[in-house]
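Shared between the two complexes below is chain A, which has chain B as its partner in the first and chain C in the second.
Entry: the complex of A and B
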């Protein structure tokens, strides 16, 4: 089975973030700083990471998220693990 | 004392099970007040042992089980006193908390940690003294101490080495990364996975099962399968104190405490 495209991965992340943090999906864009747009801190970012790992059935070490704050870069990190 | 309600934790007996609930905002950071109350709990254990057949440790806070040692207090106390006095204070704190942890580890009852969310550092070490870890799907486990120039100080490494393969211990320790619950179960750390918010319910069901067995048999079985690595635990205190004396640790703690950004918990 082929891996999903980066656009699909990005869309899945945006849907997941919108649903979990109760933000309208249309308000989120790929280049948003998710800390600011979602109003979250690092503990909540780890919560998001846990949900992403479960959703995509991957393991994404949190050190790979160091300095990552936009959905597009996050999607690229995830894509590399699919 | 069969029930207690403190500032950082509370306990009571529910259906023959002692339930220790952690509730110090923001995420059960373990500082001197928590230690005082944990010592009260340890002192009450002989009576609780007689009146219950299992112990469950859990958190009532949404953020998680525990974010570990209170680093702000560690830093501020270190700043407020002369360095040799600060070192003595750290050693005394560690010796006291090891005493509590060893008492919990050796408890002749079935002990269950019901964890969720952040289970980091000293919080992870508290879970590790329990016989069984039940975790919900939000749980994450991590030993971030190396980021500060330290090693875990509440007995984490000797207990991890007791329970898991050394390669996994090295991965956790030397990367400082956090594991989710699936990984934690895969490596043998977590016994049961619960749905989000269901860890305590699952732990209670497990404790009910434990009640079916005779106490003496449970105590004997535990003593046989769960030896306490006392020598390594003592060595851990020495290593921690040696590392704590270095300026790099003060810098690491300062960086954490003074970080007003949104990412202090990311490596």
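Entry: the complex of A and C
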């Protein structure tokens, strides 16, 4: 089976973030700083990463999130593992 | 525990510890829910021995500096032990810094050796600054087969046969150089002696003893002063066990409490808050009747533990809560930043003692700690044995700058006599923190703010404005400067600290969307914990010295007098 496109991955991540932190999906955009937009700290971001892992059935070391603060970069990191 | 008075160095004390408890488990390393490593003290010694021999063969000399850049794991501690054993000076660097910052601090510390985890080494080698690497010998852990290590050795293969010889060090010799800040230009490398650590360890374990069978969960990075002491030196000289987690996902942290029946853990406020959030969410899901019962039991526990913790009783009253923490937790130790008293009270009411402390890298680890006699959520505890604390120039409320004198205090800042002279005055370390002793006369210290221009994040990171200003280099404005908001408008409380970017625009320049976007983009280039929280436009030129340096104190006073906090726009 072919890997999903980056746009699809990004959209899935935005949906997961919206659902996990209970915010309307339309309020999130790919280049948002998720710490600021969602008002979360780095541990809550790691919680989101766990949810993303379960969804995509991949495993990402914590360090993959180091220096990442927007959904688009996060999607690129995920995409590289799909 | 070992009688630390008998030892002159960390290397000698740790060597004896490895021989004293050969069959006790000293280290467990878990990756998520998978246990990867479990070592007895004897195993640890066997793993360190060939590394020590290899260092000897690599001409590692007494006093040589060796840096470690790694996440928490067994190889961190094995490497650190080997460096001490060979008479070296350890330079523990924060793995969350950028490659350029790592290279800068490696150069500043003059570290000859570097031990580094593969993913961090890869980032360093890809840095445009890589040619500035000063370390002569680099050991890389966990490198995949076939990886190009750019001249570094594989840690796992850097081994020699034979029996290494402990290199003796004196108490006054340097044990570690720990950077408290300064990646922006003027590094503050705190030079800490073996005496500092041995004294501090004796003081801390006098109040919170470890023993064989204790399992300490190491969550804070080991390069952090707290974890280095209570997640390495302290447990080892007492025959206790350290549990490392390779992932700090809250779900795995919660799981580790139960899986390893954790006895102690040190946390920064952000992690404590996360645990509180998780528990409160679970409580909110309870059926009304169960919730009503829980609230009554929590109230009863609070009443029964008013004077002192009664852990056995609390475990019987609230068994499910304690089971979720493994059932053997003695205390949560919290420090590194301002901790909300309500969060500490929340845990204490559940029968989980929280001991809040206060310390700074310049003072080795901790200056004060709550001894839980009784629990106090409104203080940072009492001075540790051997530490003298004074409040200088107190105002009418008794609040002044906190000063510390003890053998644990650093000897100086590396290669910076000027900053040393400003910070250690007549034997007293000037902390830059504002506090007072509580009026009840029991010696509890309360903190109220900062005198210095810096912030401490909930994750325990000290951020100095000067260190992040370079992120805004070339910003199209006349001039700019970064301040701690509470430095501009001093207040007698801690918490909610943030940095403010102060802009002076060119004549006739308007603050437009383009400039705003540029600032936001630059800000996002910083690590999340270093970001500026707001900005303001200042209408006058910045005052400068004859050598054109910004007179920060004068500018801050002008802004503080001429504007209010309300003028700070959110980033």
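Criterion: the second predicted complex is superposed on the first by the 82 of 82 C-alpha atoms of A that agree within 3 Å, B and C clash if a C-alpha of one lies under 4 Å from a C-alpha of the other, contacts with A are read in each partner's own complex, and residues count from 1 in each chain.
By our rule, a residue touches a chain if its C-beta (ideal position, glycine included) is under 8 Å from a C-beta of that chain, and two chains touch if they have at least 3 such contacts.
If you're wondering where the values come from, they're calculated on a predicted model, not measured in any experiment.
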Report task. Answer with first, second, both or neither: which of chain B and chain C does A:54 touch in the superposed model? Result -> first
Requested in this report: Mind working out whether A:11 is in touch with chain B, chain C, both or neither, as first, second, both or neither?
Outcome: neither
Query raised in the report: Just chain B (first), just chain C (second), both, or neither: which does A:70 touch?
Result: second
Requested in this report: Classify the contacts of A:41 with the two partner chains as first (chain B alone), second (chain C alone), both, or neither.
Outcome: both
Requested in this report: Considering only touches as defined above, state whether A:62 meets chain B (first), chain C (second), both or neither.
Outcome: both
Requested in this report: Check chain A for residues that touch chain B in one structure and chain C in the other, and list them.
Outcome: 35, 41-43, 46-47, 49-50, 61-63, 66
**Report entry** Residues of chain C touching chain A in the complex
**Finding:** 71, 96, 98, 119, 246-251, 270-271, 273-274, 458-459, 524, 527-529, 571
Query - For the chain A and chain C complex, residues of the former touching the latter - result: 33, 35-36, 41-44, 46-47, 49-50, 61-63, 66-67, 69-70
Report summary line: Note: in the complex, chain B contacts chain A through residues 27, 63-64, 67, 117-118, 137-140, 142, 175-178, 180-183, 262-267
Report summary line: Contacts from chain A onto chain B in the complex sit at residues 35, 40-43, 45-47, 49-50, 53-54, 59, 61-63, 65-66
